[in-house]
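Both complexes shown next keep chain A, but they swap its partner, so chain B is in the first and chain C is in the second.
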Partner chain A sequence: MPHKTFFWFILPTGLAMILFIGLPIVSSFFQSLHIETEQILMEVENCDPFGCKTNVRVDVEATEKLRQENPLGRFNGFGTYTDRNHLAFDEIGEAWNTSSSIGEFKDIVLNLPFYKALLFTLTFCFAVTPPVIILGFIVALSVNTLSKIIKGFIVFGTILPMIVTPLIGSLVLFWMIDSQGIIGASIQILFDDPNLSLKASSNLTWITLIIYGIWHNTPFAFVVFYAALQTVPQDPIEAAYIDGASRYQRVRYIVIPHLYPVATFIMLICLMDNFRVFEPIIGFSAEGVAQSLSWMIYQDLRNENKMLFGSAGATSMLTIIGIAFLLTPVLIRTWKEFRTER
Partner chain B sequence: MDTKLNKYSKQLIIFNGIFILFWLTISIFPFLWTLWGSFKVKADFFSRAEWTYALTGFNTLIETGATTTVKAYVESWFEGEFWRASLNTMIVTVSVVSISLFLGTLGAYALSRSTYKYTFYILIAALIFRAMPHITLVSGYLFPFFQLNIWGILPTTIIVLVAINQPFTLWLLYSFFKTVPKELDESALIDGCSYFQAFRYIIMPVMWPGVVTAGLFSMMLAYNDFTVTALLLNQQNYTMVPKINAFLGTIEHGGNYMWAVSSVVSATAPLFMIIWFFQRQLISGLTAGAVKG
Partner chain C sequence: MKKLILALLISFASTSVFAGSHSPCGVTNGSINILANEFTTYRIFMDEVKSCAGPDADFNVTHSVDHNKLQVAALSANPAEFSAKLVTNGSITPLMNDGLIRPLDDLVEKYGSNLNENQKITIDGKIYAVAFMANAQHLWYRESILNDLGIAVPSTYEEVIAAAEKIKAAGVMDNPYAGAFKSGWNLGQEFVNMYLGHGGEFFKSGSAQPNVNNEKGVAALNVIKKLTELSNPDFLTQDTNAVKEEWESGNVALMHVWNSGAASLLDDEGDQDIKADTRLAPSPTVGGGSKPATTLWWDGIAIATNTSDENAEASFRALVGAASSTDLANNNPNATVWLIKGYTPGDTAGPVVDAASRGTTPYPSFPHMSLMHGALSTELVEFLQGNESAEKALADVEAAYIAKATEQGFL
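Then we have the complex of A and B:
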C-alpha cells in the first residue's frame, strides 16, 4: 500500500490515539511539575472598644486573581514527586536515622501514603494472579470434558463475573458479605461471634478484595485456556495412551507443557490489569484500609472544587513507570512474534 | 481409539460434575441473589435477624402488603432519574461502538495490507497505549477540558472512550484482516479499483464476523466504564455505572440503598442478554492473538 493511501486510512484512528492517549500523558507530566497556587494572606486590623488585634486572613480576591492568571499553579519542578504524599524522600531519610530497627523503619515507610498504596497494589497483583491461572486451568479442563449440549450454558455462566464492570461485581459480592447480608450473617452464626465482620479488620478486607480479584479474573484465564486446549495435538496424547500413561500423566507431561506460553500470556495480562485495581476498593467501601495507586489519583481528582492536578499527575507518572516494568516482557514477546512472522 | 481415549471413569465424571456445579454456584449465584433481593425491601435483603427473611420476604410483606415489590425499581427509575442515566448510557454506547468501528476498520485494514516497517511501530505504540491505566489518562484530561470548557458533556466522553478503545480494536481487527486473503482485494486493485473502492466493495461485505467481535468489546467498554464517566461527566449527564455509585453516596436512608440494588439489576440484565447471544464472538475475540503459541 502506498504511503499516501496508508496515511489517509490511518489518520482518523491515529489522531484519536495521539490526541486522547498520547497528549494526556504529556499533559499529566506537565501538571505534575506544577503545584496549586498558595492562598494570599493579608493582615487585617480589627479594632473594637477593648483595643486592636491583627488577624491574618485569606485575601480571596487576590488569590482568585492569581488563580485566574495562572490556572495551573506555580512551577514546582519535581517537588511534588518527593513530597510526603509521593516518594517522601525526606520522611524516609528521617525514618532511617531515627528508627532503631529495620522493623520500625519498615513500619514508618509503609505508613506513608504512596508506599502504603504501592504495597497494596503489588500484594493484590501477585496474590491474585497465581490462583487465577491455576483455577482457570482446572475449570477449562473440566468444562472441556463436558458434552456439547450443556457446554454453551456453562461457558456463559462461567464468564459472567468477567463481563460485569468491577464496580457492579464488587457491589454484588459486598452486599452478600455485609454483616447483614447472607454470607456475612452466616459467618457470624458459624463462628458464633456477632461482632465478626469482614469489613472490620484490615487483613480480612484485603483477603476479601483478593478473593474478589480471583473471582473476577478467573473467567478470562478460563476462556484463554479453553481455547488453547482445542489446539493441543492429539497424536502425542494417543501415543502416550498406548504407552500406558495415566490421564494425570498425559495432562502433566503433554497438555501442560503445550500451554506454558499461554499461561505466561495470561500472567502478564493479569498482572498489568490488576496493577490498575481501583473500582473494587470503591465497591467494597475499603478506602479506609486498602488504597491503591489508581485510587490515590481518583481521590485527588474527585473533589470538583479543589482538584489536586499536580499530585494526581505525579502519582500518574509513577504508576506509568510501574506499568512500564510489567509491560516490557509483553513488548519483547510481541517483538519476537513479529520477527518470526516476517 | 479415539472413543477409548475420551472415555472417563465414573469417579472422574462425578467429581467433575460436582466441581462444575460448585464453580457455577460461585459465578452465578451472586447475580441471582441480587436479582431476587432487588424485589424485597432493605430490611429483608439485609436482614440481620434471620437470613431466610430475604427468601420469604417477611418484612416486605409487612411494609408493602405483598412478598415481592417493584417499589425500588419504580422509585430509582423515576424519582432517582435512572431513566436519564440509562438513556445516556444508550447514547454513549451506540456512539462509541459506531465511531470506534468506523475508525478501527479503516486503520486496521491499512495496517494489515501495508508491507512497510512503520506498521510494526504503530502496533507497538498501540500496545503501549492499551496498557495505560485509564485513570492516569483522565488526570491528564481534566485540566485541559476545564480550560476549553468542554468538561461534563456527553460528546467529550464519547470521543475519549473511542480513543481509549482504539488500541484494542486496532489489534483485534488487524489480526482479523490478516486472515482475509490478500488476493481478494489485490485482484480488485488490478481491475482498476482504488484502495477505498476495494475496501468498500470487497472487504466490507466479508468483514462482519470480525466487526461484530470488535463491536462487542467496544460495547462492553463503553457500557461498563466507571473511571472516565464518573470523572468527566457532570451529575446530570451520568451514565448508569456512576449513577449507581452516586446512589450509594447518599447511603443512609434505606430507600436509596435498594435503589442501588435495583439499578444494578437494571444495568446488568441487558448486558447479560447481549452476551448470551454473542457468546461465541466474545470468546473468539478474547483468544485472538493469545493462542498462537
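Then we have the complex of A and C:
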C-alpha cells in the first residue's frame, strides 16, 4: 500500500485514538504530577443530639480560593510516584539497610501496597494465561470434530462464561463457594473438614480467583482458535492421513504450526486483559487479601473521602508502563516473524 | 447528652398539626432525588418521605451501601446527581469539607416548626442537617443459649470472649460470635469502636498527625483478633447485612451490630423461635475502661448545594415532613431510636440510651477522619490473618494515612 493511501486510510482511526486514548493519558499524567491544595482548617462550635463541642472543619471559602488560583493543585513532581502508596523508594531504601536477610527484605517490600498489588497482578496474569491458551485450544479442537447439528448449541454453551458480565459471574461463584453454597459445602464434605472455607485464607482466595479467571477467559481463546481452525488447509492433513499420521501427529505437526501466530495474538490479549484484573476482586469480596493495580486505582477514586486524582493518575501511569514491559517480548517476537515472512 | 436522654425519656404530647407554619407535605413543584444508605429503618423512613411528598411529586430514591463512596462525586457535579442525601455524623464531614451541602436555616424556619431543638445539627451557627434518629452498635445475645450454660449477660469484652469460648467448648456452636468485620469500612469501624473503648485518640492533639500506633491501639487490635477467632472463618467478607443473616440462621449467639438492626432482626419474617430468643444488651466496655466500646451516631437529612432552590425546597419539605412525623416514630417504635417530637421509645431503645448516658464518644467528626478510617479499612487485614504483628499493622495504617493526607493537603 502506498504511504499516501495508508495515511488517509489510517487517519480517522488515528484521530479517534489520539482523542480518546492519547489525550486522556496525557491528562492523567499531568494530574499525577499534582496534589491537592492545602486544606485550611478552622475551629467552630458544632451542636448535635449528643451536645455541643468545639471541633475543626475545613474553611471552605479560603480553601476554595486557593483551589481557584491553582485548579490543578500543588505541583509535586514525581513525589506521588515515589511515595509509600506507590513505588516507595524511601521505604525500600530503609528496608534494604535495616533488614538482615533477603527474606526479610522481600517481606517488607511485598507488604507495601503497590508491590503487594503488583505481585497479585503478575501472579494472576501468569497463572491464568497459559491454561487459558491450552484449554481454549483443546476445547476448539474438540468442538471442531462435533457433528453440525449439535455444534451450534455447544459453541453457545462454551462461550457463555465470556458473555456473563464478569461482576455477575464472580458473584454467582462467590455464593456457590460460600460454606453453605453448593461448591463450598461439597468441598467441606469431600475433605471432611467443616471449617474449610475458600474465602478465609489468602492462598485459597488467590486460587479461587485464578480458577475464575481461567473459566472466564477460556471462551475467548476458544473462539479465536475455533475461527483459526477453519482456515487450516485440508490438503496437508489429508496427505498426512494417507501417510498414516495419527491424530496427535496431525495436530502436532500441521495444526499447531499453522495456529502459532494466533496463539501469540491470544497471549497478547490475555496478558493485557489479565493485567487489569479487577471485577473478580470486587465480586469475591477479596479486597482484603488480593489487590490488583486496577483495584488500587478504583480505591483511590472511591475512597471514603474525596477522590485522590494524583494517586490514581500515578497508578494508571505505572500500569501502562507495566503492560508495556509485559508485552515487549511478545511484540518483539511478532515483529521478527513479520520481518522474516517478508 | 442530657438533651438526648430527655428527648427520649420524656414523651411529648403528639403535635401532628402544623399550626402557624407551612405544612411540609404535598409537594407539587420541583423534583426530589435522594441518595441514602441501605437498611430496613431507612426503607421505613423513605416510605414516609414518599407519602409526605404526595402522589404528584417527582420522587426518586437510591439506596446503596456504597453511599459514602458515591456522595462526594455525585454532589460535586453541578447540577448535582442528587438533591438530597441522608447523612450521619460520619458521612457529613467529607460533604462539609467541600461545601457540598447547603445551610438550611431558612427552610427550617419555614417548614420545621415541629422539630425538636436537638434535631438541628448546627455547625458554626448554621443548620446543615436535620437529624431524625440516633444509632449505636451494641451487644445482641441469644437468651436461651446463655441461660442453658449459666452465663451472665456480658458487660465487658473480656466477658464476651469468655462467654463465646464457653459456648464453643460446650459444642453448641462452632462460631458463636459475629461482628461486621468485612475488610473495608466495616472493619475500620470495629477498630474505631475498640480504640475509643480503650480511651484512644486518633490524632495528636491539635494536628492531623496520626496517633494509633500505641499500646491502646495494640490492645484494641488484640481484642478484635480474639473476637474474629470466635467468628465465622469468612469474617473478612461479612458486612452488617451478612452478620444479620448468620444471626437469623441461628449460627450465632453473641453479636455487636447496629441498634437499627432491630427493624429486621425482630420483624415477623423468618424463624420466630430465634427472634423470640433475641435480646439486646448495652455495648460492653473493654480493657477496664468506663465508656462502652462503641460510637454514637445520628442519621439526618442534608440538601445539596449544587441543586436548584426549587428542588432543594421540594426535597427538604418531603424529608422534614417525615423527620417530624410523630406517627412514623410511634408506629415503628422499635425500628430505631427516633429523635422525633412525641416519640415514645420502644423496648429496643435501651442500649442507645445507655450508651449516651455513659458518656460514649460520638463518631469523631474531624475533616481528616475519613482518611484515617480508609487507612484502617485496608491495613488491618494482614494482622487479623496472622501474617503480621499488631505494631506493624498500626505502623502501616499511619504510613498509609500520612501518604493520603499529604496528597489531600491536610499535612
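We take it that the second predicted complex is superposed on the first by the 267 of 342 C-alpha atoms of A that agree within 3 Å, B and C clash if a C-alpha of one lies under 4 Å from a C-alpha of the other, contacts with A are read in each partner's own complex, and residues count from 1 in each chain.
Quick note on the criterion: a residue touches a chain if its C-beta (ideal position, glycine included) is under 8 Å from a C-beta of that chain, and two chains touch if they have at least 3 such contacts.
These numbers come from a predicted model, not from an experiment.
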Partner chain in contact with A:Gly313 - chain B first, chain C second, else both or neither: first
Partner chain in contact with A:Val330 - chain B first, chain C second, else both or neither: first
Contacts of A:Phe20 with chain B and chain C, given as first, second, both or neither: first
First (chain B), second (chain C), both or neither touched by A:Ile207: neither
Chain B versus chain C as contact partner of A:Ile237, first or second or both or neither: first
Which superposed partner A:Leu190 touches (first chain B, second chain C, both, neither): neither
Which of chain B and chain C A:Thr165 touches, first, second, both or neither: first
Comparing the two partners chain B and chain C, which touches a greater set of residues in chain A: B
Touching partner for A:Ile256 - first (chain B), second (chain C), both, neither: neither
Partner chain(s) touched by A:Val60 [first = chain B, second = chain C, both, neither]: second
Contacts on chain A seen with chain B and repeated with chain C across the two complexes: 178-179, 302, 307
Residue numbers on chain A that touch chain C, as the complex places them: 35-39, 41, 44-51, 55-58, 60-61, 64, 73-74, 80, 83-85, 91, 111, 113, 178-179, 194-195, 197, 199-202, 284-289, 299, 302-308, 310-311
Sites on chain A touched by chain B in the complex: 1, 3, 5-6, 9-10, 12-14, 16-17, 19-28, 31, 71-72, 138-139, 142-143, 145-146, 152, 154-161, 163-168, 171-173, 175-176, 178-182, 185-186, 215, 219-220, 223-224, 226-228, 231, 234, 237-238, 241, 247, 261-262, 265-266, 272, 275-276, 278-279, 282, 294, 297-298, 300-302, 307, 309, 312-313, 315-317, 319-320, 323, 326-327, 330-331, 334-335, 337-338
Residue ranges of chain C in contact with chain A within the complex: 1-4, 7, 66, 68-70, 72-73, 89, 93-94, 96-99, 118-125, 131, 134, 174, 182-185, 187, 208, 232-234, 236-237, 296, 298, 339, 356, 362, 365-367, 370-371, 373-374, 377-378, 381-382, 385, 387-388, 392, 396, 399-400, 402-404, 406-410
Sites on chain B touched by chain A in the complex: 1-2, 4-5, 8, 12, 16, 19-20, 23-24, 26-28, 30-31, 33-34, 37, 45-48, 51, 54, 102-104, 106-107, 109-111, 113-116, 120, 122-129, 131-144, 146-147, 159-160, 162-164, 166-167, 170, 195, 220, 223-227, 231, 241, 244-245, 248, 260-261, 264, 267-268, 271-272, 275-276, 279, 282-283, 286-287, 290-293
